[in-house]
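There are two complexes below, and they share chain A, which is joined by chain B in the first and by chain C in the second.
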Partner chain A sequence: MTFTTQLEIGLKLFNANLKQAWRDKTNWMTAGMFAITALLLYSFAFNLTGGLVRNLLPGVIWTVFLFSGIFATAQSFQQDRQNGILDALKISPIHPMTIYIAKTLTNILMLLLIEFALLLGATILFSEPLFIPQLLLIVTIGTIGYTALSTLLSAINLDRNNGGLLLPVLALPLLVPLLIASVEATSASLQEEANTAPWILLLSLFTIWSAAIATLMFPLAD
Partner chain B sequence: MQDLAIETNRLTRRYDGLPALNRVSIQITSGSRIALLGNNGSGKTTLLTILSTLLQSSEGSATILGYDVAKKSTALRNMIGFIRHQPMLYENFSPVEDLELFAKIYRVSDAREQIRRLLTNVGIWHLRDEAIGTFSRGQKQRLMIAKALLHKPKVLLLDEPEIGLDQSGLRVLDELILMRKEEDSSPITVLAATHREERVDTWATGFVRLERGQIIETTLSENTE
Partner chain C sequence: MILNNIYELRWKVLPPAAGVAMIGMAALALITAPTEVVEGDVQRLLYVHLPSALASYFAFSVTAVCSVLFLLKRDFKWDSAAQGAAIVGLIFTLLTLMTGSLWGKPIWGVYWQWDPRITTTLILFLIFSAYLIARKSTSLDSDKSARFCSIYAIIGFLDIPLIHMSVRWWRTLHPQPIIAKLNPALPDEMLLVTLVSVLAVILVAAWFITLGIETELLSQRLLKLKAIGKANISEKS
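Moving on, here comes the complex of A and B:
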């Protein structure tokens, strides 16, 4: 099968994944509710105002993003496995990497929707402009990186009992460099005179590495 | 000698060191309809799952229409249709949505007409826009029959295809697969695991009986290489 054919099929599968995610909202509702609750708790617990908020917001934002992301992606392939769809795809002429990329893109898109909505909410709660292009770029790159890895790990966990619980244990150590780069880049973007370029570059490198490794590893995951 | 559709050579699969399939060697000629018989745990599903490319064998080899199953080539996958005892369907899709996606994956030409024809033939055209999750087991199995035939496979692997089917469902299975009248020069080869032994005489051209992963009785010539 040619690259163009795989791309065409991948887009169809991506579309099917989105349709499936939209119709069965369980994972995404859980992730969204967790994110909203965590953000509200942070805002009340720390009473963040003025200059102090800029020091704490990167940690707050990425903690919420990370765990809501893990909630959402932990069961990525679970439903496909239960329905038998994953096996139907595996015996079809579609390349395993196409299956992985379509699922990861679905997760990225759904998570970005939640995260951008949260940034809007956080802007109101913390009286700090967070819906700015630079921060949106950082959040997008970081989300691509951690979703690439967590989607792969959710496939590896499929045949294990409590796979969902095991995901954070496996994912967090692998995500540490990427998360540090995300937090530092976010922190720099919130400081008026700080240079964000080196952190964004480092974050991009980690993201490319994570996405490439995860894409190559997926065919070996089962 | 007739063309071989399926050939296995000392095919073995172990789980935790215990063989679920033990040195199974068979040769199935093109166009045959072979019943795979045996009690639960005899290795029928393991054999079919290896042939479907979903499972790797521990030892031995298998080819379908000359393609090595272990290599999982695109050409091979285009030629296999698989119905197993659990459905393989998007529960929150309609039959048309599910089949349209797989028609795209298998590059089926004239997909819409093919889908309409198949859903009509399996008797669920009137349910074409309903969510599959609301279907009965038998309706899902009818849809699985349509899905397995969608890309016009040359080899059909069936794992207890009668499950959930009522009398009219069994007639659909017989007409479309088991007792199908060949319309073209490239007939379908069928390997079907079944517990309905009383029906086997009506459709099978031969049988293989497994017990504890080994062939204990067969009408096929065994591959002795």
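Moving on, here comes the complex of A and C:
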């Protein structure tokens, strides 16, 4: 199969994945509700009011994003497997990388929708300018980074009874560089004179690394 | 072929060599090595701490290399080797963290500092603990599980430089605590003891890795024999 054909099939798969995600909203609705509830719990636990907000908010936002994102992606291939779609795709001439990229792009899009909605909500709740272009860029890069890795781990974790529980244990230690870079970049973007460039650079480096390694490793997991 | 011949010598060479080196290390570290002027006897922990850290890196490197070999050759002996080395790596990582904390309390005043090296070591411990939990949660002869865990071990190993870099930047850009630091230029006597300690602990680690590999291989053989036994019983009945 040529690259163009793989690209066309990839787009079709992406489209099908989006339709499936739209039809079966339970997973994404649960992830969204989890994110909102966790944000509220953090605001009660840390008393996120007044001057403390700006210091604590980056850490709070990113832990909420990571936990809800990993829980949501844990089920990425579950339905495909139950319906026999995954087996059908495996025996088809479609390259495993195409299957992986289509699934990851779907996860990224769905998670970005949840995260942007959460940022909008947090802007209103904490009276902090969180819906700014620089922060949206940081969130987008960070989401691509952690979704690339967690989608791969969800695929390789598929055959386990305790897969849902094991995924955060497997994924979170690997995501430490992303968490540090994302929190620091977010923190810098909320301050007027701070320099976000080194952290965005580290974040981009991690994102490229995780996307490349996950794409290369997926065919071996098949 | 040469590697196989070397591996065949494991029982004859490794235990006596590790034993002699460990006795030498103990004698040098406890008797010959001079007492450090500022830190006192607690500095002698360095002779266990540094070699343990190097031994853990050595063991995890073996895990990563064996995982690559498993993915390439699909031979379960490489999966067993990866698991055996990971267990040894975890033991030495724990020893590194414990001796580091015991040294840190009298020198820094606290058991734990968010220093890049210490933090990276802790994350290394978490990654390979997760690897072993994942591997042990499914059947040893499961090809899929072995493949998945090999991929995870490789990703985890490749992630280490990024983790170290990120933690270092994180600490560098934050205010640094004022802490006592070891002078990196060690006197000759201490350097000699350190080198002997590194050799001794690496030999012990190599011996433990061999034992770990043999244990995992025996577990797999036992599993196969059980499967054959079950098949024979069901055929007779």
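Keep in mind that, in the parts below, the second predicted complex is superposed on the first by the 217 of 222 C-alpha atoms of A that agree within 3 Å, B and C clash if a C-alpha of one lies under 4 Å from a C-alpha of the other, contacts with A are read in each partner's own complex, and residues count from 1 in each chain.
Basically, a residue touches a chain if its C-beta (ideal position, glycine included) is under 8 Å from a C-beta of that chain, and two chains touch if they have at least 3 such contacts.
Note that the structure is a prediction, hence the values are computed from the model and not measured.
K.L.:
For A:P177, decide between first (touching chain B), second (touching chain C), both and neither.
P.N.:
second
K.L.:
State whether A:L220 touches chain B only (first), chain C only (second), both chains, or neither.
P.N.:
Touch status of A:L220: second partner only.
K.L.:
After the superposition on A, what does A:L57 contact: first (chain B), second (chain C), both or neither?
P.N.:
Neither partner.
K.L.:
A:F206 in the overlay: touching chain B, chain C, both, or neither? Say first, second, both or neither.
P.N.:
A:F206 sits against chain C, while chain B stays out of touch.
K.L.:
Is A:N83 touching anything from chain B or chain C once the two structures are fitted on A? First, second, both or neither.
P.N.:
Touch partner of A:N83: chain B, not chain C.
K.L.:
Where does A:I9 make contact in the superposed view: on chain B (first), on chain C (second), on both, or on neither?
P.N.:
The answer is first: A:I9 touches chain B but not chain C.
K.L.:
For chain A, which side has the bigger count of touched residues, chain B or chain C?
P.N.:
Between chain B and chain C, C touches the greater number of residues in chain A.
K.L.:
On the A-aligned overlay, A:K19 touches which partner chain: chain B = first, chain C = second, or both, or neither?
P.N.:
first
K.L.:
Counting contacts the way the document defines them, which residues of chain A are shared by the two interfaces, the one with chain B and the one with chain C?
P.N.:
Correct list for chain A: none, the interfaces share no residue.
K.L.:
Provide the residue numbers of chain C that touch chain A in the complex, in ascending order.
P.N.:
Going by the criterion above, the answer is residues 71, 123, 126-127, 130, 133-134, 137-138, 142, 144-145, 147-148, 151-152, 154-156, 158-159, 162-163, 165-167, 169-170, 173.
K.L.:
Which of the residues in chain A end up touching chain B in this complex?
P.N.:
1, 5, 8-9, 12-13, 16, 19-20, 23-24, 83-85, 87-94
K.L.:
Under the touch definition given earlier, write down the residues of chain B that touch chain A in their complex.
P.N.:
52-54, 74, 77-78, 80, 82, 84, 86-93, 97, 101-102, 104-107, 147
K.L.:
Per the contact definition, I'd like the list of chain A residues that touch chain C in the complex.
P.N.:
These residues of chain A touch chain C: 149, 152-153, 156-157, 159-160, 162, 166, 169-170, 173-174, 176-177, 180-181, 184, 198-199, 202, 205-206, 209, 213-214, 217, 220-221.
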